[in-house]
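Chain IDs A, B, C and D follow the sequence of writing; residue 1 opens each chain.
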Amino acid sequence: MTVTLLDKANYMISSMARLLKDAESAFMGVASFLPFMAIILAKRLYNPDLIWYSIVGYNPNPKHLPMSTVHPWISKYCDAKLQLAELFDISARGELDVVFLAGAQIDQRGYLNNSHIYIGERRIQLPGGAGGALLHATARRPIVWQGKHDTRIFVKEVQRITAAGKPYRVFSPLCIFRFDDDLGRLVVDSIHPWSSFEEVKENTGFEVNDAPPTPEPSDEEIELIEKIDPHGIRKTVLE
Amino acid sequence: MKNMSVMSLEEAVDLIENGSLICLSGNLLYRIPAAFVRELARQGKRDLRVMKTAGGYDVDLLCGLGCAKEIIAGFVSFEAFGLAKNFRRAVEEGRVKYSENTCYSVIAALRAAAYGVPFMPIADISKSYFVKERGFKFVENPYGGGKVLTVPAIKPEFAIIHVQKADEDGNALIYGPWFEDVLMARAAENIIITTEMIVPKEDLRRDIDAVWIPSYKVRAVVEVPKGAYPGACPPYYEMDFEMMEKYASLDEDGLRKHIWEVKP
Amino acid sequence: MKNMSVMSLEEAVDLIENGSLICLSGNLLYRIPAAFVRELARQGKRDLRVMKTAGGYDVDLLCGLGCAKEIIAGFVSFEAFGLAKNFRRAVEEGRVKYSENTCYSVIAALRAAAYGVPFMPIADISKSYFVKERGFKFVENPYGGGKVLTVPAIKPEFAIIHVQKADEDGNALIYGPWFEDVLMARAAENIIITTEMIVPKEDLRRDIDAVWIPSYKVRAVVEVPKGAYPGACPPYYEMDFEMMEKYASLDEDGLRKHIWEVKP
Amino acid sequence: MTVTLLDKANYMISSMARLLKDAESAFMGVASFLPFMAIILAKRLYNPDLIWYSIVGYNPNPKHLPMSTVHPWISKYCDAKLQLAELFDISARGELDVVFLAGAQIDQRGYLNNSHIYIGERRIQLPGGAGGALLHATARRPIVWQGKHDTRIFVKEVQRITAAGKPYRVFSPLCIFRFDDDLGRLVVDSIHPWSSFEEVKENTGFEVNDAPPTPEPSDEEIELIEKIDPHGIRKTVLE
């Protein structure tokens, strides 16, 4: 099986989109190509009533994946104005359903570090968690994603807690985790077909379990994905 | 108090004293006061404290050229163009203090300042490490139900806001997303407007539903076409992705050239 | 949750249960949800708690016809047409409780609800008698500097907002002053939009800078031309001062006739 | 001297307007015809830079006195949008200079009652103080006005404090008070020429002093007043 980065992105996007079938609303932050694709996919195929809160406006209807999530033309196709402050209020009120969050470091509790990491004595400065601290703590179903999977990223305990919350799912290029309430930590929900339990285990800093393969994207999904992102920008977030 | 007028970019930047707390309009590469920021660097301003929810080119440039001593923000990055290298290096080397927040707490601090109250209650984000580092404190909810986290007011001395249109008094219009700009305008002590064009009052009034920055705190109105470049200022121009790719690869010498090459 | 749709005025009013806490759009005689209020009275709703900064015709009518049990407001009057007689009598006779506020504390209570926090710090207005009556409490400023007065959140069950245009989903546009309407929309659990006209999404989008009520909490969209009458809804129509003079002189029987004569 | 209600209104408007010569900003509430006229007069004759915060917008430029202070056409001539909430914030921040406030009952401290009054056992319900509680407490120079002057209105101590603050001036159809910081109470600053110390004394529930006559409006002022309010709506607030 030859699996390209585009194939991997498609699997992740498809699985994210299907999680949105019963979602009331979704928000994604900046630089989030995969969630951006997943939301469009979900709205077109599964859940036309899904409310999309965007940084540039309410319920945008973009035709293509832009190079920037604040690209001017996204706001042209919004149903109403929306300020970031109001989106945060929505989440603080407990009214935000799904939020997509990126994590530079993700631990078994589902906590995220986007602040800084120490390699030995050296401090590596990260950009900061943007809205994550609030959204992870208050949205109903945070979905975390990462374009890379290794033991420096998936750790037992993050060095700094930028955002604490209970993820609904965690997406990586190797597998999908879900939060197990009984165990109080992440467990593997599915492993992508190009990976294996061994590979996940080797690259994860906490205990993992075996799990069934991630379902493949449908032809319909792939077709739509290609249409929204004909130039394959989506793959640039994966390693 | 009333010392506002139309002036040049140089004169407007001259109003900013070293060590000032300023906040910057827009988000990432969208409607940022880029020309103003370059002029801050050209004039060699020092020790600025810079506030923004999500900074990019603007914050990075001020860090890279030694103008900033503190960044109060939730996120500083170039999005698709990778990390903000100059910001990162300056923080790692201790030349700039990154007072990390979440965008939400930056907004709460501005709200408190805008409302003239000393703090704002917020949702409980106290598991985030920076809550302690920033000194955010709990208060007992006087109506029962336990403790409530708060954020102290932060009142910027200047909000620098780049807009599409303004009149000579500084009443200003924003097309498209506001981001935190209208809130900044409420919270700051003074406002400097850089605008794609200065238009007659009557023209602005025709678009009154977009005119949300009143003139009363505006100390300078500067006409700067392409003032957000390399950022976007719709409907007039988009981001210049090529320039950003080039910028992202500049070393410090390149950066120093950049602010003189890209004018204003 | 998602039970919104275009419906008749009768159906929309039917969503309001007796005893609900509702807030009403506009100010005095400007963009008030007058048709909705008359239908509330025609359906004989009872025990409503009604919130607004400055009420007039709307609040008076609900008081006069026994629909309201509590008014949370800073001001209830007819401005140039004298005092709101029915409101006044109902309060004096103890049929309606006037939970007097100042407009500022009504706004603070809505802000707290909108932000999902239990209270809002406000300026010290504690010499005003109603501060104690309403139970507003001080908290110690955790950042030093003494005590700060607060107002507890009030979350209306419904915001009833009359607008110039809305789409079928309930995204709504307001031309001219907002008053507290956009804030009410943020604070309330549910929104009912009455609109001069329902327009296609594309039309609304052309005026996007005026579209500040997103659809996500809107439970009903009702097309009601002249829905603010006898109030104004610019640019379509002004107040009807003659009708207000007539209204101001109605006795209870006259009031009861009024809601059936002026339709919707 | 035959003095009409219009003459009285003109004196009050002229004096109010002259107080605004050095004012930075002004706000007036609803049903405030005299302040409305005074602000227009001041902007046209004395202080073009005076900032007028209005309920319907920022810096309106109305040509005539309307029947309602939220009359739709006022907002058409504003320089920018402004919400009432923001006006309150401006005052809470200490940035509002002059505010005009009406008082149904006014006491010697300058406190206002717009809530309710008791006549014997009977409670008379008033409309409420609108924004007064905040504005009186936080604006720099509150100017109070009343269209009537008797001992039920000008009292030693209001029955209910709706709004507490230190007035810059208090206008009545008989005289103008100012707040004396040494005495800590209102003193008479000028007496309108159609009235007298005796009349003011007789109709005021607290100690009053004699004072010079209120200066008369200029021809220029009267001309402009007539132009702004040709139908004499302004007199309807006076008794």
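By definition in this document, a contact is a pair of C-beta atoms (placed from the backbone, for glycine too) under 8 Å apart; a residue touches a chain by one contact, two chains touch by 3 or more.
None of these values were measured; they are calculated from a predicted model.
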item	value
Chains touching both subunit A and subunit C	B
Result of counting contacting C-beta pairs for B-D and A-B, higher pair	A-B
Inter-chain centre distance, subunit A versus subunit D - centres from mean C-alpha coordinates, in Å	59
Distance from subunit B to subunit A - Cα centre to Cα centre, in angstrom	28
Geometric centre distance via CA averages, subunit C-subunit B, whole Å	36
Centre distance in Å when subunit B and subunit D are each reduced to the mean of their C-alpha atoms	40
Residues within subunit A bordering two or more other chains	57, 75-76, 81, 92
For subunit C, residues that touch 2 or more chains besides their own	115-117, 122-123, 209
Pairwise touch network: line, ring, star, complete, or other	other
Touching chain combinations (by label order)	A-B, A-C, B-C, B-D, C-D
Interfacial residue positions of subunit D with respect to subunit C in the complex	30-31, 55-57, 67-73, 75-76, 81, 83-85, 88, 91-92, 111, 115, 122-134, 137-138, 160-164, 236
Subunit B-touching residues of subunit D, taken from the complex the two chains share	24-25, 49, 51, 57-59, 75-82, 86, 89-90, 92-95
Residue ranges of subunit C touching subunit A (in the complex, touch as defined)	1-2, 114-117, 167, 169, 171-172, 186, 201, 204-205, 208-209, 211-216
Sites on subunit C touched by subunit B in the complex	112, 115-123, 137-143, 145, 148, 150, 152, 175, 207, 209-210
Touching residues (chain side subunit C, partner subunit D) in the complex	27-30, 53-54, 73-77, 79-80, 83-84, 87-88, 91-92, 98, 100-105, 107, 111, 122-125, 127-131, 176-180, 183, 232, 234-235, 238-239, 241
